[in-house]
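Chain IDs A, B, C and D follow the sequence of writing; residue 1 opens each chain.
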Amino acid sequence: MLGIEGERLGSIFGKMFRVTTFGESHNLGVGVVVEGTPAGIPLSVRDIQKELERRRPGRTVISSPRKELDRVEILSGVFEGKTIGTPIAMLIRNVDVNSRPYEAIKDRPRPGHADLTYFLKYGHVDWRGGGRASGRETVARVAAGAVAKKFLSEHGIEVLGHTVEAAGIKVEKEVGFEEIKKYSDKNSMRCADPEVARRMERAVLAVAKEGDSTGGIVEVRAIGVPPGLGDPIFDKLDAEIAHAMMSIGAIKAVEIGAGTKFARMRGSEANDPITIEGGKITISTNNSGGILGGISVGAPIIVRLTVKPTPSISLPQHTVNIRKMKETMIELKGRFDPNICPRVVPVAEAMLAIVLADHMLRSGKAKPDRVGG
Amino acid sequence: MLGIEGERLGSIFGKMFRVTTFGESHNLGVGVVVEGTPAGIPLSVRDIQKELERRRPGRTVISSPRKELDRVEILSGVFEGKTIGTPIAMLIRNVDVNSRPYEAIKDRPRPGHADLTYFLKYGHVDWRGGGRASGRETVARVAAGAVAKKFLSEHGIEVLGHTVEAAGIKVEKEVGFEEIKKYSDKNSMRCADPEVARRMERAVLAVAKEGDSTGGIVEVRAIGVPPGLGDPIFDKLDAEIAHAMMSIGAIKAVEIGAGTKFARMRGSEANDPITIEGGKITISTNNSGGILGGISVGAPIIVRLTVKPTPSISLPQHTVNIRKMKETMIELKGRFDPNICPRVVPVAEAMLAIVLADHMLRSGKAKPDRVGG
Amino acid sequence: MLGIEGERLGSIFGKMFRVTTFGESHNLGVGVVVEGTPAGIPLSVRDIQKELERRRPGRTVISSPRKELDRVEILSGVFEGKTIGTPIAMLIRNVDVNSRPYEAIKDRPRPGHADLTYFLKYGHVDWRGGGRASGRETVARVAAGAVAKKFLSEHGIEVLGHTVEAAGIKVEKEVGFEEIKKYSDKNSMRCADPEVARRMERAVLAVAKEGDSTGGIVEVRAIGVPPGLGDPIFDKLDAEIAHAMMSIGAIKAVEIGAGTKFARMRGSEANDPITIEGGKITISTNNSGGILGGISVGAPIIVRLTVKPTPSISLPQHTVNIRKMKETMIELKGRFDPNICPRVVPVAEAMLAIVLADHMLRSGKAKPDRVGG
Amino acid sequence: MLGIEGERLGSIFGKMFRVTTFGESHNLGVGVVVEGTPAGIPLSVRDIQKELERRRPGRTVISSPRKELDRVEILSGVFEGKTIGTPIAMLIRNVDVNSRPYEAIKDRPRPGHADLTYFLKYGHVDWRGGGRASGRETVARVAAGAVAKKFLSEHGIEVLGHTVEAAGIKVEKEVGFEEIKKYSDKNSMRCADPEVARRMERAVLAVAKEGDSTGGIVEVRAIGVPPGLGDPIFDKLDAEIAHAMMSIGAIKAVEIGAGTKFARMRGSEANDPITIEGGKITISTNNSGGILGGISVGAPIIVRLTVKPTPSISLPQHTVNIRKMKETMIELKGRFDPNICPRVVPVAEAMLAIVLADHMLRSGKAKPDRVGG
């Protein structure tokens, strides 16, 4: 049987904007139920589809060729092109579920993958491609994020991400939100600097040719966020953002604002001076990444994520045959994403959008019962 | 009145090991209710007190002189020196609640503090020392963490933290768990390398003399953690650790295992080879920080936290008078922690212990109903 | 637009066996995601369909003629006829969504319906048939309940309900679980006493002929329930059962065991004597309905529900035109369920099964990670 | 040791008005943390004390002579006589913890008590008086309820309960809210009809003289409740009220409005006609008990609770010696409440107040961040 016994719980996120995901990578499909969206928000299949396209593989030289048509069907919560306040259920059916490539590795957990821990926890390896642990699960997150983005856009909030480093190639210059918007979706690396993007792609492909993979750093920003989002103590806005981001498989570090740079700063540089702009109290620099004491200050939210190299590589690796309990080697066949950063971007955007949507409702900044026109 | 209107919610953390904190920095005291601890675990006031001592200020040249006696009173859940399975309530009464030092800054939010966002969210500044936003709140976390540690120790799990970087001074050599245990509590910086500790202290004090503060990096490790802790999708072990850690005021970055280093690694270096040791399947390196696919692998859990420089400095800073709505300067009087790393360590240990205790119960590795002898 | 703005939240139930419902009565369909089912449990479309059939209208003289084919599609969580431990998503598409009958009552809330409160809360009446407030929503509950029943059957637990009173006609004699099983599904009233069933049907139809409706009492029992289900204080088993049952629209009273009869008992009659049967400690009578101190005792769980008369009747009733804000009359056209008891039975069974499944997992009596053969 | 191993969880109730209880009947004391109370609400020790007095035993001929001074200490959340929006922690220390009376029954669970199920679940009987299962735990509920009542009173909502039946003696005439207020606290039975109260007392004492106990019915009402409280599907207002009420140990049935009477009504009598009063849409009768479709309609909330006879009686009863596993008899010494109705009243009021406070916040009818004057 499909070896993902007991992969249970963990599928619900959020308090007032609640996301419930379902589905497997090698079964009928994946989907999500989004509860808490106010009524009257224009929402079409196209709004969702557009975001799904951005994470879909097989589109560039950088991403694996798995064919995923990723057609979303809206099952509930929308009527005559508008949300009606009820849970929005969406389904994306699987198309390419050929699991033969996985047969070979059935008894040998792939290093860097969830295979090993799923085996240790549930007593098996899901040799069919990770089941719920598969990157395929993020389709549901992106669909939910698309709803969150529409909701946020009604309040003037925009969420956008881009790759700031990959395979050792960095974006050095400061890029503004408009640049990110203009360029990041135009290249295979989803990088806001076209020239750097080309170098990133070259570096990524060079390593790929050796059968190896590379990591990088993705940055996600939100603008138009009002002050006052976030609750005290354990429910701080940055705490929930860190939770949401670290729940993405490939992420191993989350930084808010200046992040790790704070370690070498002095208080006098680190503290953002408080000032008045256009009659509003705000900060004149943004080391804090828009969050102080766990609550948004009104400046852009800035989050940086470290993306580990794709664990799937074709070089031979040390592993263990879990049936025979003996050490062995594994060589993965087929082609994999040599660098996952560009595909992490829309997923990270989705998670930030979901957290912000939740806090817009929790803080009362958005009326949950708003009646749509 | 004490200006912390509406600082509500956010005070409960955990699913099966649930922590509810209460109390204010300038009122009667702070406390916590810990629900879910199995019965029969030896627990004394001394166990709690020992941990409280480690975070208490006024003990070294590095920490602020505020006198906090921090005597804990156990109100429930313990009988004849053992837990009885019921909620464990603990109270630590405040002693030094002199709020005069804060009077001066009443209308001027301190840069880098929660003052500004609390004002923007709740319409006031808690000029009495941060109320729930105060570092004082972490006393409750440490008390709860002490209970979690005792519970974990029953299962052979140990949690320990140390300062690996402060004021630009780094611990370069690899330090083992035993070294951390032996040295970190012996010096003012809580650093596992005594020689580096001395240099850290010097560097911290040099900057302090200029009226400025410094940041650093704290590492927390857990050994003896069984494989299989963590749930799929949104409830991954590392996601909840990131949540817990980022909910500590001073933390601006959370890294798991190799963390940000993954950005420049290749898959072939990043992937921890899978091997067999003592008849157990495990990993031969630990870049993953003991967590794969959100589930513990059985190797040590390794978390690194970036601690921002103490926002309270005596240098003049730009701020705004929120009553007059005009820009002004602020100069903080009195003495503050010039570097908060050594005091973050016990708090970070507490949060990791709480998350692990929760997952020991959620995963069924620890029987919630165990009958004590 | 479909007037159900802000009908949000409230769609998730359970802690370890979690049910998320979605869908509307006059849109594409209704569905549910069931999270927490252990893996390896045989589950087929037929298992679900069988239960849906039992609540489907248009099957007897007692139920409304609305055509609902209620074909369930399993979207996830099942593979090769077995659960795989992942969330089980199910969709039931609507067929008969003709909303014309409702047009007439657009501005006039129907007495006894949610129309009025939905208007007062959300500023509108869902004149299309109640949206989420519609009885149609219970299809999702029954589908989830079918999964819970299969899970419980693996542990020897059976849940069964029947009508014990309707239109003033009562089942006087004691009926055993086997009788209920044998007869209750064989008649239009779902009554375990065939002779009484006939009299109930006559009485119900007589009142129906006058354009009026009747109420009754439904009893639900669970046998094979192990001792020890239920948590202390606020999470008592009977408290959560009461919550689950009272969340069914038509229910206005919930009784456990002897229920209201306790009011006139003496302690000496009310207390169930404790005895030993087959080497097991148990109770020799069951006034407690199988629950003491909020925890199951191992005896059958017995719950009685008072079902209010169907609010939809064809007699003229006093209401208000909410646009013109003036009192008026309303006469509902079409045919409605003259007595809803027989259709409440499968819904009540589903809710009891869901609560018991949740507690089987929460109490550790059922292993969440059980690997299916 | 104190035998209440693993009596864990279950101690937190509510979503935005969250109550966490702690403490044991035969240990230091009991307490509660109330989170979510808006700031600026006048709250004094006297407000809490007043309610505790109403539930305190040893005050009338009807209640057990156990001396509980029940002095509350407010540990946090209040400053200068006003709530400050932070969690309100309260502690009531135990005074009379003489456990000798219980020694005798150590190995013999008392029929009708939680003793048996706690033994079956946790492997022991708490022979020291029920620990968390003890009626003592309700002190914490009443303290939390007192806070909820103060909060509700700020919004013109009043909650009041009374005994409508005891030992077979019923209040026959309709009593209004003012009568309840005027008379119910004036007599030992907490009955709104003084003459009936006397007959109730006589009947209760007559049975008590025989060493037996009696049950009854308690009614709780809330006036001034705005329309719109309650969420759809599983979070209906009446569902959460039923949950809260059934979590009180002695309660075995919960009725909303006409409750069980609905079983014999016709739709034409049951449906409350909709009308206009003072420019407001409302209902002209109140069979619904103020709740339609799970949402408040603006009419008084009416809840009826069946209270089972006090299980502690001095007549000999059949039980089992759990050590020797053999049937035996038990005779309880000492004096117990012959009828618990009058003491259930303040507890039931507290639970209703807590649920309403939670929904006032969840519905946005009460601003959580309101700044106190």
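Everything below uses one rule, namely that contacts are C-beta pairs under 8 Å (C-beta built on N, C-alpha and C of every residue); 3 or more make two chains touch, one makes a residue touch a chain.
These numbers come from a predicted model, not from an experiment.
Asker: Just tell me the minimum hop count from subunit B to subunit D, counting one hop per pair of touching chains.
Answerer: Shortest path length, in steps: 1.
Asker: Just grab the chain with the largest centre-to-centre distance to subunit A, centres being mean Cα coordinates.
Answerer: Taking each chain's C-alpha mean as its centre, the farthest from subunit A is D.
Asker: As a quick test, compute the distance in whole Å between the mean CA positions of subunit B and subunit C.
Answerer: That pair's centroid distance is 47 Å.
Asker: When the C-alpha atoms of subunit A and subunit C are each averaged to a single point, how far apart are the two points in Å?
Answerer: Each chain's C-alpha centroid was found; their separation is 39 Å.
Asker: Approximately how many whole Å separate the CA-defined centres of subunit C and subunit D?
Answerer: Chain centres of subunit C and subunit D, defined by C-alpha means, are spaced 27 Å apart.
Asker: Would you mind listing the residues of subunit C that make contact with two or more other chains?
Answerer: Each of 7-9, 11-12, 21, 121, 132, 368-369 in subunit C touches at least two other chains.
Asker: Using the touch definition up top, name the residues of subunit C that touch subunit D in the complex.
Answerer: Subunit C reaches subunit D through residues 7-13, 19, 21, 109, 111-121, 132-133, 137, 165, 168, 207, 212-217, 227-228, 230-236, 238-247, 249, 252-260, 262-268, 270-276, 279, 281, 283-284, 288-289, 291-298, 306-313, 315, 317-320, 322, 325-327, 363.
Asker: Per the contact definition, I'd like the list of subunit B residues that touch subunit D in the complex.
Answerer: 1-2, 4-9, 11-12, 16, 18, 20-24, 27-31, 33, 35-40, 74-77, 79-80, 82, 84-89, 91, 121-124, 131-132, 368-372
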